[in-house]
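Two complexes, one shared chain (subunit A), two partners (subunit B, subunit C).
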Partner chain A sequence: MIKVTIDNILIEVDEGTTILNAARKIGGKVVPPAMCYYSKLKGSGGKCRTCLVKVSHSSTKDPRPMPKLVASCSTPVQDGMVVENLTSPEVIDARKGIVEFLLLNHPLDCPVCDQAGECDLQDLSFGFGMEETATEEQRREFPMTDIGDKIKLHMNRCILCYRCVYVADQLTDQRLHGILYRGDVSEIGTFIQNAITNDFSGNVIDVCPVGALTDKTFRFKSRVWFLKPMNVHRECSKCSGKVTAWMFGNEIYRITGRKDQYGELEEYICNECRFEKKALTDWVIEGPRHIKRQSVISANHYERMKMQSIIKPIEGLMESQE
Partner chain B sequence: MGGKILLANIDIPGIRGFDVYRANGGYNSVTKALREMSQSQVNAEVTRSGLRGRGGAGFPTGLKWSFLDRKSDKPRYLVCNADESEPGTFKDRYLMHHLPHLLIEGLIISSYALGVNTCYIYIRGEFKYLVGVLEKAIKEAHQHGFLGDRILGTDFSLNIWVHPGAGAYICGEETALLESLEGKRGNPRIKPPFPAFKGLYGCPTVVNNVETLAAIGPIINMGGEAYSKVGRGKSTGTKLISACGSINNPGVYEIEMGLPVEDFIYNPEYCGGIARDRYLKAVIPGGSSVPILPAELILNTAKGERRLLTYESLADGDFETGTMLGSGGFIVFDEDACIVRNTWNLTRFYHHESCGQCSPCREGTGWMEKVLYRLEHGEGKKSDIDLLVRIAKNIEGHTICPLGEAAAWPVASAIRHFREEFEEHVLHPAEVIEKERRL
Partner chain C sequence: MMNLTNRSKVVSNKQMTFWERIYIPAILGGMRITFGHLFRRKTTVQYPEVTREFSEIYRGKHVLKRDDDGRERCTACGLCAVACPAEAITMISAERKPGEEHLYREEKYASVYEINMLRCIFCGDCEDACPKEAIFLTREMVRSEYARGKFIFGKAELVEPFDPAKRIDISKRQTPEVLEFKKNRSYKHNR
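Right after this comes the complex of A and B.
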């Protein structure tokens, strides 16, 4: 076990743990925000630079500070390391700069974006963004495309976190999309218009931190904060069948995977569960899902609402939910 | 011109071919190293020579070699970085074109010292004509038993492959180069792990610049001790400087480290003074990525000492009043040059070449270019100057690879030293544009 201090909090973690994961073990505000890192995707992280932290003491052996801010998601901890996140004004300044860069070409079309309310970039801007915009330049623009009949790609909103590329690499047999071109004109694409037809391709929607990849069966149906997230499950031959159903009244508006407090999926789900099973009779309802993240949907009013007669919670399941 | 080490034989006709090269003492160092020296002796000679990486960072080569993971049972690789794409730098091209065997000689000895049996030369895609030159030289070395299996009857075998890039500046960054060599998109890797442990195909790898490797042969010939006596202080040996811009004799010069900058610019042996009898305005001494310095600071340091062409002297005063030797791309500006226009031009290059992997560089380089375009074309505001400083500060040190810094430093330094010129562009745009049009 290795001892690390993050924002004056001491914690013991296993060797090889990254600073970000050590901070997640502490939890709360100490955790640096991450737009590209995804603990379940190997090789992800290091790209968005929002998780930059200051290492003021490298290790017991080498007490020198690290010369630059480091990406906490890809830097392993060392024994005796002292990390400053929110306690360092330098880190806050750098993060403000990064948010400004991420928003530079982002269309800020939150009022018409389906991701609004559960968007990592929205949360990040709320936490670290500046109040006014300094840019007067034109933003880059791409035409909207369909990748597959159920997924919409809205490249203008993309922050190039590469998560969807890793999903396709690590979850499916064949990756059909990737990053094309370079610099600020690089884009996600299939090069020649190509449908991504894989049983698990829908997971790219869930891993996307912004509204670049959205569910076509849900687009413009409702705002997420009007919906009640419910834990539901079904027998599925392809995946675990454990999902979150987003409901309005007795109607299922959309199905997503179950996400933890960092917006990461607990389990990947298949396209059949995600796109095709929208009838209440397809599912066994476990109960309302508690959203732990800091977001507008975490107000959790629905948890206090009375269950409607048709939704009969299964005995014992309600208690086991967080 | 005395004191030449790399380019000593460059004027001999036919030196590009094996026979002439061999007749003039070529490959003697290979015979010496392989027959008379152990691997550790070669390493020790290189360490003793004080040779520093000539690609730009100036990292001691012997130290870099010592980091290589020799305990691993995986194969080890040596990669020669010939992806020379920095604006203003054209020394490697010159070296490979005229003395391809000098590079191969260095590669053989380095591979022997590092225990490498496969070596790659990653060459810039635009240097297509050099691929043939190098491959011909490799073929000749094969024919004469300096490459292939059991070189010179020893147990050491080596093969060298030339791999042309596809035209990306970013592939000069060592980990992006390795990705590209593996056939992937040329995105820099996130470090650690460093290539010395996990490089090409996940194996321990050393990546060195062409000029660094070319210096290995002469070091073995003359001995590390003798090489370290050339030069000044910790900047040992000679350096190729590619001089361009507003000077009378542009070209590649081999100088002994420690030559005063003033001598280099005005001596008829080197640059031969400023073209058209203009005055010196500014110099970028180490390729486009390093900070620009105005005439008074490039000739003398802020302390009033003469500025020398060494790693230390050029860096004197840090970024406030100093710069870096970098890769030795010496760009000279005369009094007529417009610093704003030049900075915009450089930013345009970095914007075009950013790989787009990490957000500060991807978005910041484009933003700086747009703001500088506005300033240069008379549409700028006074606040734009401070905005540029802020963008540069937000990029610097926050990116995966050094391209972010390479893009930020020229802008930050140009504003630091030539702020009035930027202000002139804001206050009197019409006159500035008119002046530039007339030139």
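Right after this comes the complex of A and C.
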């Protein structure tokens, strides 16, 4: 066990833990935001630079500060390390710049995008972003593509976090998509529009921090804050069957995996649960999900489940008012 | 019991005097007040022949604006509905098909957009929330109806006419800062 101090909070963690995971053990505002790191995907992280922190005291052996801000998702802690996240104005300033970089090619089409309301980049730019950008150049534009018949890829919105690539690599037996080209022209693609047919391919939608990969069965159906997320489950031979159903009245609009407080999936779910089971009779309802008060999804939502009335409205009474 | 105001009067069972019993002075006093009002300036107007002067930024019936090319600006983002304190706005969005580019500005549009005018409190929050400058409150009033169903205004009532001459001018409702911002064509918002 080694001791680290993050934002003046002392914690003991195992050797080899990254700064980000040490901060997550403390929890709360100390945790640096992450766009590409995903604790359940091996090798993820180190790409978006959102989680930059300042190390003002490397270790007890070597008390010098680290020369540059470091990516907390890929830097292991050392004994006696002192990390500054929100307490350092330098970090806040750097994060502002990172948001600007991420938004260089990200279109501001949130009113159209299905991810709006649960988008990590939206939260990040709301928290750290600036109102203006220093660049005048055009954003890169791609034609919209379909990955299979259920997943839509908006390459315009992609921030190249590689999460979906890791999901395909680690979860499915055969990866059919990846990053094509290099540098600022690189893009997510399938070779000659190869369809991803694996049973768990739908999870790329949930791991995508932005709206680049979206559910075609939910495309433009509703906005997430009009829907009620419910914990539901069913017997499934392929996955655990524990999912979140996004409901509007008695209708299920879409199914996603259950996400924890860092926006990461608790369990991966199969495509059958995600895309095909949209009837209420397929699922057993456990109850409403807890929504963070800060989230727009919490608008007009109540944690208590209200059962539908068994008394039918008198039809003639309503018609006379028309 | 403590009095809430100093205007309360204690009621008594005291016998009325002769003058009070014949009521004529009280009636005459009442008549004087009634007929006195005949010679005062009228506080009402003969609506709808006469209308009162409206403020330039009166908040009346909503309009869904078209852009300069006549395309609907609304993309059914739902921000007006979530901002609405009276929960008066509902919408269903749809995807723009190829060939409909002259009708809708963005790839998504509102196929159904309804405002329940009985719920609406005309606060103008929808206008503030709109990122696309699509919804505005106008100086037109919501007409009265005999049935509740007719107060649910759909796109037929809300979207402004395609004819450029009949468009509704809302420039008075926009602040100088907004008008200045709109001149800058380098923003995608204004293109």
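Observations on the structure shown:
We adopt the following convention: the second predicted complex is superposed on the first by the 299 of 322 C-alpha atoms of A that agree within 3 Å, B and C clash if a C-alpha of one lies under 4 Å from a C-alpha of the other, contacts with A are read in each partner's own complex, and residues count from 1 in each chain.
Going forward, a contact is a pair of C-beta atoms (placed from the backbone, for glycine too) under 8 Å apart; a residue touches a chain by one contact, two chains touch by 3 or more.
Small disclaimer: the values here were computed from a predicted structure and weren't measured.
When subunit B and subunit C are set side by side, the one touching more residues of subunit A is B.
In the superposition on chain A, A:A116 makes contact with subunit C only, not with subunit B.
In the superposition on chain A, A:G16 makes contact with neither subunit B nor subunit C. When the two structures are aligned on the shared chain, A:S74 is found in touch with subunit B, with no touch to subunit C.
Applying the stated contact rule after C-alpha superposition, one finds that A:W225 touches subunit C and leaves subunit B untouched. Within the complex formed with subunit C, the subunit A residues making contact are 108-112, 116, 136, 219-223, 225-226, 296, 299-300, 321-322. Of all residues in subunit B, those touching subunit A in their complex are 168, 170, 185, 190, 192, 351-360, 362-367, 370-371, 387, 390, 393-394, 397-400.
Listed in rising order, the residues of subunit C touching subunit A in the complex are 75-79, 81-82, 87, 93-95, 106-108, 131-132, 147-149, 186, 188. Contact residues on subunit A toward subunit B in their complex (touch as defined above): 45-50, 52, 68-69, 71, 74-76, 94, 97-98, 100-102, 104-105, 134-135, 137, 159-160, 162, 178-179, 181-186.
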